[in-house]
Amino acid sequence: MTDFETVDVSQVSFPPEILAKISPELSLQRHLSLGLRPSLRAFEEFRDVTISEDKISHFSGFEGVSESNDILGFNVLKSGKTIVTTTITGGIVENMVPIESDDIGEQELLELTKARDELNQYVAVFPNVTIEKGRKNIPPTQEEITLSQRLHDNVLHSGIIPKKSLKVKCGLRSIDSEGNINIVYPDELDDNDIVKDTFKQISDKRSWSYVLYAKIVVFGRTGPLLPLCWNSLICALKSTRLPRVFLDERAARLKMTVRTRGKSLTVKEAHDLICDPNNSLPLEMHSYGVGFASNFGIIDIDPEAQIGDEDDDDQEMVTKQPISVLLADIDTEAEEENVRSVITVISDSEGNLKNLNLVGGGSKLTLDMIKKSIKSSKSRSKDLSSKFGMNK
Amino acid sequence: MSFSGNIGLLTEVDGSSQVECEDTKVICAVTGPIEPKARQELPTQLALEIIVRPAKGVPSTREKLMEDRLRSVITPIVSLYQYPRKLCQITCQILESGESEYEFSQKELSCCINATLLALIDSGLALNSIASSVSMAILKGSDDVIINPTNSQLLQSQSVHVLALQLIEGSRKVKNVLFLDSSGDFTEQQLFNVLEIGEKSCLELGLTLRSIIESKVKSSFIS
Amino acid sequence: MSVLVLPGDNVEVDAGKPVSLGPGMYCDPKTQMVLPVNAGVLNRTDNKRGQTLYVDYDSKRYIPATGDFVIGVITGAFADSYRVSLSSFSTPVSLSYMAFPNASKKNRPTLKIGDLVYARVCSSEKELEAEIECMDSTTGQDAGFGLLDEGMVAEVSLGFARQLLYNNDFPLLKLLAKHAQFEIAIGLNGKIWLKSNDIKNTLACYKSILDCSGKQIGEFNEIVKKNFNQFTNTVEE
């Protein structure tokens, strides 16, 4: 008979790293079927998070810190391969509306609008997230923009920073007859101090507020960043100290009239605010509003992709329903690309929710899954707040 | 709940709609599938270009975030794999925001989602299902969930929510939660209330959207 | 009986019989569910060999489908084919030099950029560039396609173009023919080309077609009359 050419068909098998590159979804499913994730974490295991104890803040009293920096708060957070640094800087703006005004009508009007607007009692910080990719001078990406905006919105809506804690309590510098320089602040005075009238004069006319900026730089992005950036931002805000601000006494006299040759000139003194280099106050935060963020993904385990035991072929005939599992703290490209149902939760250790974001592009988001992730985020929050010493 | 929708009012695009819900008004235009720019092209699926324009001023990071959220709602409902290497442009112009723009974007987002859905239907682009969205608020010191709150209700609220659901089987069944964003101060129980009440009104809205679409389909068929 | 369906609605499919799906229906490759993907009227035919399902819906953006008659604009010429635009901003399609009657390597077609052609879609894989032809490729004979010289093009919705081309009971063309003599080519991409011996008649036909799209059949007679009166009288007076 004619001889047929025989061809050996052998199964090609790839090492795990290569399979992960060429077919991330299959690789992820194979891992999941073994009860593991590509990062070798368990399904509901979080990455370890560490924050740096070293501080570079101007007011941290750390010796290595240059006296001339303008950083008010600082944090470095490490989680897995990702490092997030947050630096809080600030500015001072003059308020449009005098807060403590003599005009009673206006005061009432202010009270009225305040009562109507819950969020108006709080302020946000202005975050600027940069994800380092080794390129310079490129416009911010969609991810950086949305992250910054989400952080901003969440700070505002969580009500972490009350407006009054950013109000500048302006001090006064005076030089007495012996040439001693003395700085006094309104909250350090006795009631019967004579300087009090001067403060009253200033605060009637003008008022100022601090504005906080957060520059967040991310190195080594491996997965979704919102939880990491949020946690880092919270820690940085906790460490923030606002510099005391004073006016020169002479400047406090707002007007003086100068007469020269019968012509009168009014010289208005500019209010030059000076930040006290040695004196600062911690930023007062609403401790009730402080929560930590965590994220969760939901994915169906595809029964087709399971690595089945060779022996139980008989049982394989039973069609398996896909089981959906909850993955905590999404990381690695494989998970980020293939897990399309994501829950992001910001909650405090008591289980009070501050923000909850569900995106359901993939597996069904069931109530059970949401409950499970809220519970998990609560314990995570407890964990983090004890770790970062937030309970003080 | 006051809701009105209008389909196919623009002539030079493939699909268009205008939606008004309480004080918020959005007009949406869809063009596609068209030829993409080289950098937008995806080898196996339809690329979506989503643009949200504010009621006043130029788009800022706030609108970028809304675009991102709109995208996460639209992506699962469009049958993307039927149009490889093509592009669909979706533009939402907010005509009236109906809320304090610095603090909130909830009402605008939910209106944009509904408007986009109607415009997509009008364009004849293949969709897997329809979707509907509502905004909600829980007032301070109360547990009641308010559907499509007014701006002053938003200002007095303790927490604000946007919910978008994917509806199938004659808009009577919820297939999945497409999007939920809750901000403010709320408890787990309140969240589940929001989901439950939101689901009810999303289904209701689904039927309203359905009747808007049906009357449009009927009118386009010559009898 | 017409049933209105929306994307994601349930459509009963007899799993025992072979199913053919037309436009507006889609079988999800993952779940193997047959679902409508457009909002429109569900059409179903059942016979011994199987069932066919499609959704009739109106839209504006043309997506090439094999066998469709289309009107395109030549937008470019390459070594062996033209680039043709079927609708603005859509991916262009290609028209091979060999897809003309009596074409050979020596005998090249003489179309210029900007010319209108009437053609048929001969290949429309969604992953590939669609191709059109100006002849009947099964016989290699002329089939009435080719250059559309002079005349005017009206742009209408795709559903209206289908009605004009396929619905023999559709009264518009007959109404127009009562008033004037004209040549017409209907492209399923929503382009309708018209040419008449007189520019007034061409304009009247053009305006009538545009006005009638989206209107009920009962109103057609009125619209056509009004337009012809307007265009032919203004000149005569």
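What to note about this one:
Think of it as A, B and C in the order they're written, each chain with its own count starting at 1.
Heads up, the rule we're going with is that a contact is a pair of C-beta atoms (placed from the backbone, for glycine too) under 8 Å apart; a residue touches a chain by one contact, two chains touch by 3 or more.
By chain, with names taken from UniProt: A = Ribosomal RNA-processing protein 43; C = Ribosomal RNA-processing protein 40.
Note that the coordinates shown come from a computational prediction; the quantities given were computed from them, not determined experimentally.
Fewest steps needed to get from chain A to chain C, stepping only to touching chains, is 2.
Put simply, the chain closest to the centre of the protein, by Cα centroids, is B.
For this pair, chain A with chain C, the centres built from the Cα atoms lie 56 Å apart.
The distance from the centre of chain A to the centre of chain B, each centre being the mean of the chain's C-alpha atoms, comes to 28 Å.
The distance from the centre of chain B to the centre of chain C, with each centre set as the mean of the Cα atoms, comes to 32 Å.
Across the assembly, chain B contributes 166, 175 as residues in contact with two or more other chains. Looking at the complex, you find that chain A touches chain B at residues 116-120, 142, 145-146, 148-150, 152-154, 156-159, 289, 340-341, 351-362, 364-365, 367, 370-371, 374.
Touching chain C in their complex are the following residues of chain B: 13-15, 31-35, 77, 79, 81-86, 121, 123-124, 126-130, 166-171, 175, 210, 213-214, 216-223. Within the complex formed with chain B, the residues of chain C that make contact are 4, 6-10, 24, 26, 28-29, 35, 37-41, 56-61, 63, 89-92, 126-127, 157-160, 163, 170, 214, 216-217.
Chain B contributes residues 61-62, 64-65, 68, 72, 75-76, 100, 103, 140, 152, 155-160, 166, 175-188, 191-192, 195 to its touches with chain A in the complex.
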